[in-house]
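Look for subunit A in each of the two complexes below; its partner is subunit B in the first and subunit C in the second.
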Partner chain A sequence: MKRDWPAYFTFWHKLGALSLSWFSFVVLFFLILPILIIVPLSFNVEPFFSFTEGMLRLDPAAYSLRWYREILANPNWILAIQNSFMIGIAATVIATVLGTLAAVGMTSRYMPFKNLIMAVMLAPMIVPLIIMAAGMFFFYTRYNIAGTYIGIIMAHAALGIPFVMISVMATLSGFDRALYHAGLSMGATPVRAFMDITVPLIRPGVISGALFAFVTSFDEVVIVIFLAGPGQRTIPRQMFAGLREQINPTILAVATLLIFVSVLFLISLELLRRRSERLRGITET
Partner chain B sequence: MTAVGDDGFLEFDRVQKSYDQQTLVVREFNLSVTRGEFVTLLGPSGSGKSTVLMMLAGFESLTSGDIRLQGRSIARMAPYKRDIGMVFQNYALFPHMTIAENLAYPLKIRKRPTAEIRSKVQEYLDLVELGAFGNRTPAQLSGGQRQRVALARALIFAPRLVLMDEPLGALDKKLREQMQLEITRLHKQLGFTVIYVTHDQTEALTMSNRIAVFNAGVVQQCDAPDVLYETPSNGFVADFIGENNFLPGELVGLTDDVAEVRISSGDVIRTRRADADRLGMRCQVSVRPEKLFLMPSDHAFDTKFTARFTNKLYVGDFIRYFFALPDGTELVVKVLNDLAAPDYSEGQEVTLVAATKDCSAFAPHRPVPE
Partner chain C sequence: MADAATTPTDMRPATPGPRATAATADVALTPAERRAARAELRRNRLMAFLLVTPLLVFLTFAFIAPIATMLFRSVHSPAVAELIPATLERLSEWDGQGLPDTATRTAFASDLRTLFAERRSGRLGEEINRVLPGASSTIQGTARRLNAEDPDAVAASGAEMLSALNPAWDQPDIWRALQRAGQVYTDRFFLTALDLERTPEGAIQARTSARIYIDLYTKTLRMALTITVLTILLGYPLAFFLAQQPSGRANMLIIFVLLPFWTSLLVRTTAWIALLQTNGVVNSTLMAVGIIGEPLTLLYTEFATVLAMTHILLPFMVLPLYAVMKGIDPSYMRAAMSMGARPIRAWWSVYLPASLPGLSAGAMLVFIISVGYYITPALVGGTDGQMISNLIAFHMQQSNNWGLAAALGSLLLALILVIYFAFDRFVGASNIKLG
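== the complex of A and B ==
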């Protein structure tokens, strides 16, 4: 590889730069490899967590969709997948609406006790999950919503709100309030101006906050262990159970599906970011 | 137009504004605006002029006082009910809508029929000479074009009043002059009432029917541009509007409309009486560089003094002569560059003359903030 070093680089500069890039490669390798290795293993025809000889020879007979069929055949997994999406989507909707409104309030100059309220709102992100989960368990039990969908959805919404708030507040800080004022001056009511002007312009922030909220709910296991009854098992809870009870590559198949979903999310986040940059173009020129 | 300021179309009644309950940003603002008038609020930054505009638009509340539009108080009316169009400093065009959608927005809110909206939008696009730009987005327009869209959008719903908050501040000089003509043309053509805020006095002088000069939250003078320029009522206005010479001296004579001031050269200058009102007080004579003439002169004059020549600057169409008084005060005289422009040697005593009506005696004023 031919590299264009700056003219003032000595031997030691070059050695340092080379070792830095090699070190970075190694770190990346060890972080990514355990995730990537799961994908081929999930197509294993044998119930093992390791590569068989056939797999290494790339023999088609050594690969199968067996464990994916297993997921579909197992009512526990089907229920878990349904639960994960149902709870995730419901919690995301609640977190997005509340988080966006909270962000709008927090950026208003008439908002009193900003720092205090901010600290309370962000607490679910900072307080150890196990403490949140234990607290919620005792609290929800009193009102008989432990072990119900409502309980888990509320708990997950509380976890998601800070992500939405932070992301929307960041977008709002770049939002020119004169645009909202312009809407008012043309006769739009505050709600109308907010929906017509503010919301479309902060939409990238809202959507990326919503995605974070969804992912948070989607892979959350601690609160589910505390609060969920057998009927509310989610994917992470089911995987957790699977690891302890009957260990087989079904888990790898589920994990592969989750990786696929995460990659989709990352791509949509990136597309949103580019879109928002395009829209912002006007205020800079 | 009826006589300026007497039909009470828009009235500010002892308006005050304080953000922190301690210092007043706007001290006591009184102004009466006639329908169809173009009134400019002019002042250095931080003088309170933008705050007045924000209170008028409804984005800031009044600390005390009242604002009446067509006889009804709007001090407690929500901004979206005021029916006041506004052109913002950075245009505030909606970036997610096309130009046509931007213009249609106020009409859509008023639930006008689609056909009417379409023809109105085209009419106003043509009015600001952007007929073919309806499908572009704001990001695809130049600064001047955006400015015109913002203007059209503030006018299209025929609001009772149009506010403009330094609308030309972001444009370069040439474009700014073009837009000044454009706004003046639209104002003449459509006859709307404008409250215009700027810190650019050329803009104010060329466009307005009347100018209210702000300083430190108080209106120093509110008059037509020529009145403001020719007969400023205090030292701040004389200093802020246009270029001026200030000659310190002592008030030695006072009649109903003439003041006499002895300056450091020992000469007594006869001036128009302004806000210097106590015999013996320290005061300043203000006289504009183009109203001072060099002897011999064929201009009519009735007061004169001597000063020492120090320097001259060749500017092109005119020449700037610099003089000094014995106390060190510098003054400048603008002379047209023709055959009569004289030559002096440094230190030469020269007699300068002026008309009494072009000189004013002011009490000392605080310097104009840069």
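== the complex of A and C ==
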């Protein structure tokens, strides 16, 4: 590795810098390797969670799509996939609409009790899921909405709200209010000025908040364990049951698909970030 | 919408309050103008508040009410009072010395017979058993035999029948247990959760049988601390390294942190099961290389829980650290070193203080998240890797002791809030950034 060391670097400085980079690469591999190892394992032809000799020899016969076909053939997985998207989308819509409106209110300098309300809204982020799950179980059983979609959607929306708020408020803080006032001064009604000027400019923040909310719901399993009946099982709930009861590589195939989904999310977020910076006139350096 | 700027108050950046009033006085507004300004201010505040209202209403039902219900459940337990109301009314006059009077015991015998016929005596046994272990079989056995008797005979001489059926009914213990379990508002769940108990005289003392819960809280805190320290040891150098890289390279390398961050928790836990199980990747690799002859027991241990949670929570440490470190001017370190400080010294006196907000934010996130963690310990922890959340889940789902689950949950919530406010006080929670 060819490097430009500062002139005052001694041998020990260089050794230190090199060990730092080696250590960092080891940590990066520690982070990524367990996830990457799932992908080839999911193509295992045998019902094991480990590499067979054939797989290590790269024998094509040792690999198969068997477990992916198994997902499609199993009505429980199909139901779980539908539930995950249904609950995720419903929770995202609620969290995004309520969160965006509230973020606009919270960034107004006239907002009363700002700190108190902010604390309440962000609380779902620090309260452990098991406590929310227990509380919701007690509360919803009393009103007979445990074991229904409504309870889970409400819980997941509450979990997504802090992410929407943080994301939209961050975008609003970079939003030049003079633009909105310019619209007003030219005769637009407040609603019109908001819809035509503010909304397009904060859209990247709203979308990335919505993505955060969706992923939060999509990943959440503790509340689902406590509140869902058999009809509301989601993908992570189904995986949890599978890991506890009978481990089989279908779970690895599902996990591989989920990794693919998170790659898609990462890419969309990065694109949104760039778009948002462009809109706000920040150029990449 | 909230900040419609049309009136004099809006021309100033001043916040509403004394300053605004003072400024208004400066330009000598007429009383009518001042009134209009105040009305405008009120309208703006109302508008802002109205935008937030839907969310507040929603959170009241979806979040605040459930948490309040849990807190309430930890001291409220109407089950026994609903099962044997007549007995409890009489028992409330008993002073706990000797035996309750004959009428009370007879009333209980009748209550118990009715409960058995309604198939609810098991529920009573379960509740009383939590106060007095072993009481369940006494209650169930007696109830079954009372059911064989004529209801009028039970109503007439229930007290004698109880004595004849089981000598336990001649001891004050079970009656005290009924009295205590019958309290609608009770501290017994909190006492149990804190490994305390009441003596027959009503004094509070450390429980003489096993100390379970305090030990588990200690263990949970110890595991959370271990995980936090490990994420700092792994995460700090990594974030430092990433912050030194040119931005193109750093953006590429940070994907290695972001991808796990965005990948489902269940996927990452699955990965560790695949790696750590007896015939898993780690064991087969180690055996193939010849380091070990027999597969190691890695999965279903405390080690597995700590390792998997360190992996899962590491991004929560790296991302806030990296966000702060990116903002530290590298010339500070260069300046310190060019003036002769050794790297360690330069780092200690220049870089560490500057990176402290990121470090403490990351540490708080990791610590708070791991204290309340449920899924990973449940899946890879076996019996010795369980944390407090798992016990709460156990009491919710298996032992059906909801009151105790609520008390344990309330204590956990209090613990988290203390940690959070301590952190907020010393560092400021607004310093948390995730990218």
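Please note the rule applied: the second predicted complex is superposed on the first by the 281 of 285 C-alpha atoms of A that agree within 3 Å, B and C clash if a C-alpha of one lies under 4 Å from a C-alpha of the other, contacts with A are read in each partner's own complex, and residues count from 1 in each chain.
Basically, contacts are C-beta pairs under 8 Å (C-beta built on N, C-alpha and C of every residue); 3 or more make two chains touch, one makes a residue touch a chain.
Quick caveat: nothing in here was measured; it's all calculated off a predicted structure.
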| item | value |
| --- | --- |
| Touching partner for A:Ile117 - first (subunit B), second (subunit C), both, neither | second |
| Superposed model, subunit A: greater residue contact from subunit B or subunit C | C |
| Which superposed partner A:Pro190 touches (first subunit B, second subunit C, both, neither) | both |
| Contacts of A:Gly160 with subunit B and subunit C, given as first, second, both or neither | neither |
| Which superposed partner A:Gly88 touches (first subunit B, second subunit C, both, neither) | neither |
| Subunit B versus subunit C as contact partner of A:Pro200, first or second or both or neither | first |
| Touched partner set for A:Leu179, first subunit B, second subunit C, both or neither | first |
| First, second, both or neither for A:Leu129, with subunit B first and subunit C second | second |
| Residues of subunit A that lie at the interface with subunit B and also at the interface with subunit C | 181, 184, 190, 285 |
| Residue ranges of subunit A touching subunit C (in the complex, touch as defined) | 6, 8, 13, 16, 20-21, 23-24, 27-28, 30-32, 34-35, 37-38, 41, 48-51, 94, 98-99, 101-102, 104-106, 108-112, 117, 120-121, 123-124, 126-132, 134-140, 142, 154-155, 157-158, 161, 177, 180-181, 184, 190-191, 194, 215, 218-219, 221-222, 225-226, 235-236, 239-240, 243-244, 247, 251-252, 255, 258-259, 262-263, 265-266, 285 |
| Residues of subunit A defined as touching subunit B within the complex | 176, 178-179, 181-190, 192-193, 196-197, 200-201, 279-283, 285 |
| Touching residues (chain side subunit C, partner subunit A) in the complex | 1-6, 15-16, 41, 44-45, 47-52, 54-56, 58-59, 61-70, 73, 234-235, 237-238, 240-242, 247, 253, 255-260, 262-275, 277, 279-281, 284, 311, 314-315, 334, 337-338, 343, 368, 371-375, 378-379, 389, 392-393, 396-397, 402, 405-406, 409, 412-413, 416, 420 |
| In the complex with subunit A, residue positions of subunit B that touch it | 57-59, 79-86, 88-90, 92-96, 105-106, 109-110, 137-139, 143, 153-154, 157, 163 |
